[in-house]
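Order of writing sets the labels: A, B and C. Residues in every chain begin at 1.
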Amino acid sequence: MARSPKVIVGLVITGFFALMTVFGPYLAPYDPNDTSFAPNLHPSVQHWFGTTSLGQDILSQTLVGARATMVVAVVAGLVATMLSIVVGVSAGYIGGYTDDSLSMLSNVFLAIPGLPLLIVIDSYLPATSRSNALVIGIIIAFTGWAWGARVLRAQTMSLRNRDFVEASRIIGESKRRIMFNDVVPNLLPVLASSFLFTILYSIGAYVTLAYIGLTSSSVWNWGTMLFWASQNDAPLANQWYWFVPPGLCIALVGTGLALLNFGIDEFINPRLREAGLSARQRRRMGLERRPRLGLTPVVRDVESPVTRVPRSVAS
Amino acid sequence: MTTDAVAAAAEVPVMETTPTAEPAEDRPARWILDVRGFSVDYGYGDQAVRAVDRVDLHLDRSTVLGVAGESGSGKSTLVYGLTRLLRAPGVITGGQALFNRGDDEHPDVIDLTTADEKELRSVRWSEISVVLQSALNALNPVVRVGSVFDEILSTHRRTLNKSQRRARAVELLTLVGLNEDRLMRYPHELSGGQRQRIMIALALALEPKLIIMDEPTTALDVVTQREIISELFTLRAHFGFAMIFITHDLSLLVQLADEIVVMYAGRLVERASARALFSAPRHPYTLGLLNSFPPMHGAHAELNGIPGSPPDLSQPPSGCSFHPRCPYAMPRCSIDVPELRGLDEGSRSVACWLHSEGGVAAPVELSRRVGADRASTDQSGSVRP
Amino acid sequence: MSDLTALEVQLRARHLTRHFSARIPGARFRAKRVVYAVDDASVDLVAGRVTAVVGESGSGKSVLARMLARIIVPTSGELELRGVPIDLHAKRTLDYAAQVQLVLQDPFASMNPVHLVRRNLERPLLIHGAAKAQVEELALAALRRVSLDPPEKFLDRYPHELSGGQLQRISIARALCVQPKVLLADEPISMLDVSVRLGVLNLLRGLCDEEHLAVLYITHDIASARYIADEIVVMYAGQIVEYSRGTELVDAPTHPYTQLLIASVPDPNNPVAGAAVEGERVVTTSSRDGCRFVARCPQAMGICRESEPPQFQVGEGHTSRCWLYRDLPESTVDVALPRRRGGGNQEQMTTSK
């Protein structure tokens, strides 16, 4: 993948939060439920992010909350991506009635507003399930797979006509094997992008559910923090340290994922890549910063690559 | 039959400029393009790949130069580099490309490699135009054909008003054998042959001195190809422009070119008049290439082309880049790079160690007399597998 | 099985037709235009013989190949594989795939870029019943048959690491893995470098001779057809316009289109000067009146505009679909089989209106 600054920043941010997901609960200085501290404290040395109006340490909540938020989002991303592969690739490759019915299914799910549907499904869940990350993840995936399915269907339809797919058909390969062994591997860049985008969507969905108060309040996540913050009128009381950390974390994760997505886009579409010479190379050669079409650069006194290193016969 | 008669019978006619109504150039041919030591790299530093290596070219007014080569030969890179149209990461790394935009009495020479943007813009299209391989890619699909003509003419011929521009566009279409109603069409509504004709008409719009054609007929079927080539003949006779014709199809060039250069792995390996090249090639690659075209008449003999494939330019072979595939390779060939050397008083040149020191090492297939009948003296195919 | 004197017709096609109906842009709602991509094509593919089909793009040659490979369903016609009639509306069977294989034009596009060469060769072997333990051996053997030596060097490479010529040979090796009786090749060399083409052509010819395959070689380049073919078919606008055993039609073309084609080929040994033929390209439309070449034919006559000519017998094993030869008998013999001594199996081959 192109080592552009965007991708590197995206990787750093996402990596940071991945670490937080894994190590957060161990790094948290206090138990997030612990209400023994003085309430409404501004950030200080003992409490980097201050305390809530119940006396809980906000930093600990943030660190612990990362896990639930991210795990649910990743589970949702995985399940949604798998669903979109099955529906999208089948519709795109098989065509005919299969395509018609699967496309109708995707369109229905696209048309139904995701959030209300989530709320409705969630309200039917027994209370115990609401704390189960897997269950929440699955129902979020349920509302988020349709877009990916459409994209994959379109890509599959274009791949279907490629020569190597025809060649597989000619040797007698079965439809199922062609779809999953020939077509899907060529969809990986699109899949990766779709996966990242779905995670982004899932974080938003989960946080929203939590913010409305529909998830279990015994599991800490950033959305729940925002829920409690708004319940206690934190914005009005100028308790910015309560809602800014979780909000910022959500925003940063989103940014990191979006930047990674840029990188994948450039990888898929070579034309977006910085073709050939990097900025540093251009500077070294004494050229302008951006290549100009119709003005091929001329650099003299360059040692011929041919004469520089004598190579042996390569045949 | 005497050898002279055989030579005469097998003689390939040299294309001459036969002016029709008004001779465009009545003066003796003078140069229009002089290229020395031209080199192009892709990339920079350790990963740089040399795509064109120290190429010399010389083109006289109103003549046709054919550039023949396969993939990786650098033929397209060469001409895009010359016109500074090469995209990143291509970089010109050496040489000069002198273009005489004036005439012989008042030469006005610019060096395309050092020209700035303003100079290049003044030269492009009005003095040098380019016809690309795939017209469908070159024409804007959402713009009608007529608008493209209009734009070019309005940019470069400001004195014309709209109806004059249209008249000129119709004139140009007629020149290439198209009806004026094509002006109202979109590119996708036309056939491949028609689109290519439009590209040629566009290239002629400002009556340039030099037209460069990069595989203009490769995507077309052989009948359309023949029609377009014969139209080019007529147009050239009428307008007197010089032409550089790039192709992998060497057999096309015999009917079209005055002089042919053969490129391999970025280097120019042979230069000769069309007649000389076909009847008496000097470079083993040229011979192999000529033997890669199965004949339309005559005995059925097994031909072999050239074993192996064109080299990967990021790892070129040492010495002569052709030596791994060459049936006549000598030990020296893998060590030293042969330079382009003149033969026959400079009327042709070849880059091959077989022809150094009086050409004693050259086999009979590579030392024929110009005009001799190839089939009678040739052992078909390569000598070594 | 069959005695040596009888010809082993591996694949017999009769009156294959494929039409597409397309809406006419801008016309009435339901107005449709029928495009005959292939119209009444008959051909026999014989073991040990290379049949060349020459035509420009739009002539229907690729559609014909795909109908013979049964990846496109003909609109009408008959197909017989080794004497057994095929139900064209049934799905293509694995057995058919094992007997009839197709090699495509673009060597880089016909290999999945994310798979190793090894996998591309293993799949056909496994699908058609090779034992897992033997697969590697068989794959190496297939590579040797297409002169890729040493074969081990090629197994664990990705397509983009190889050259066009090598990839095309691997494509052929892949087709050979199923051990077909018929090998169809759709313009196998037109996307290869010039110096590499003859090697692949020689390979096809060699395979035909050594392995007794029936080879169909499709091309737009009549010179290459002349080089390897045992018989040549010329197609124009979906129809077979001329056929000859051997390469007779190159030296003595009878159909005006073949004559035009041959005159247009740049031949270094024979530079040609001649009038270019004017006129618009014919679209393979539904107009079945008249000969399809009439708009471009320098010898068009009145009858040419009114009705479509049948195949006429212009020589031994040489037919031509042109009214110029209306005084000659109509072709009553199978397109590909030479007239057997003493009559024998004869079939009517007149076109029906």
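Convention: contacts are C-beta pairs under 8 Å (C-beta built on N, C-alpha and C of every residue); 3 or more make two chains touch, one makes a residue touch a chain.
Please read all numbers here as calculations on a predicted model, not as lab measurements.
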Between the pairs B-C and A-C, the one where more C-beta pairs touch: B-C
Of all other chains, the one whose Cα centre sits farthest from subunit C: A
Subunit A and subunit C, separation of their C-alpha mean positions in angstrom: 50
Averaged-CA centre spacing for the pair subunit C and subunit B, given as whole angstrom: 33
Junction residues of subunit C - those touching two or more other chains: none
Subunit C residues within the subunit A interface of the complex: 69, 71, 94, 97-98, 101-102, 104-106, 109-115, 123-124, 127-128, 171, 174-175, 177-178
Subunit B-touching residues of subunit C, taken from the complex the two chains share: 56-57, 163-166, 193-199, 201-202, 220-224, 226-227, 247, 250-251, 260-272, 276-278, 281
Footprint of subunit C on subunit B - complex, ascending: 10, 12-13, 70-71, 177, 191, 193, 221-223, 225-227, 230-231, 248-252, 254-255, 278, 288-290, 292-298, 300, 302-307, 309-310, 374-375
Subunit A-touching residues of subunit B, taken from the complex the two chains share: 39, 41-45, 48-50, 53, 80-81, 84-94, 113-114, 117, 120, 124, 308, 311-312, 315-318, 323-324, 334, 337
Footprint of subunit B on subunit A - complex, ascending: 275-277, 281, 284-285, 291-300, 302, 304-306, 310-315
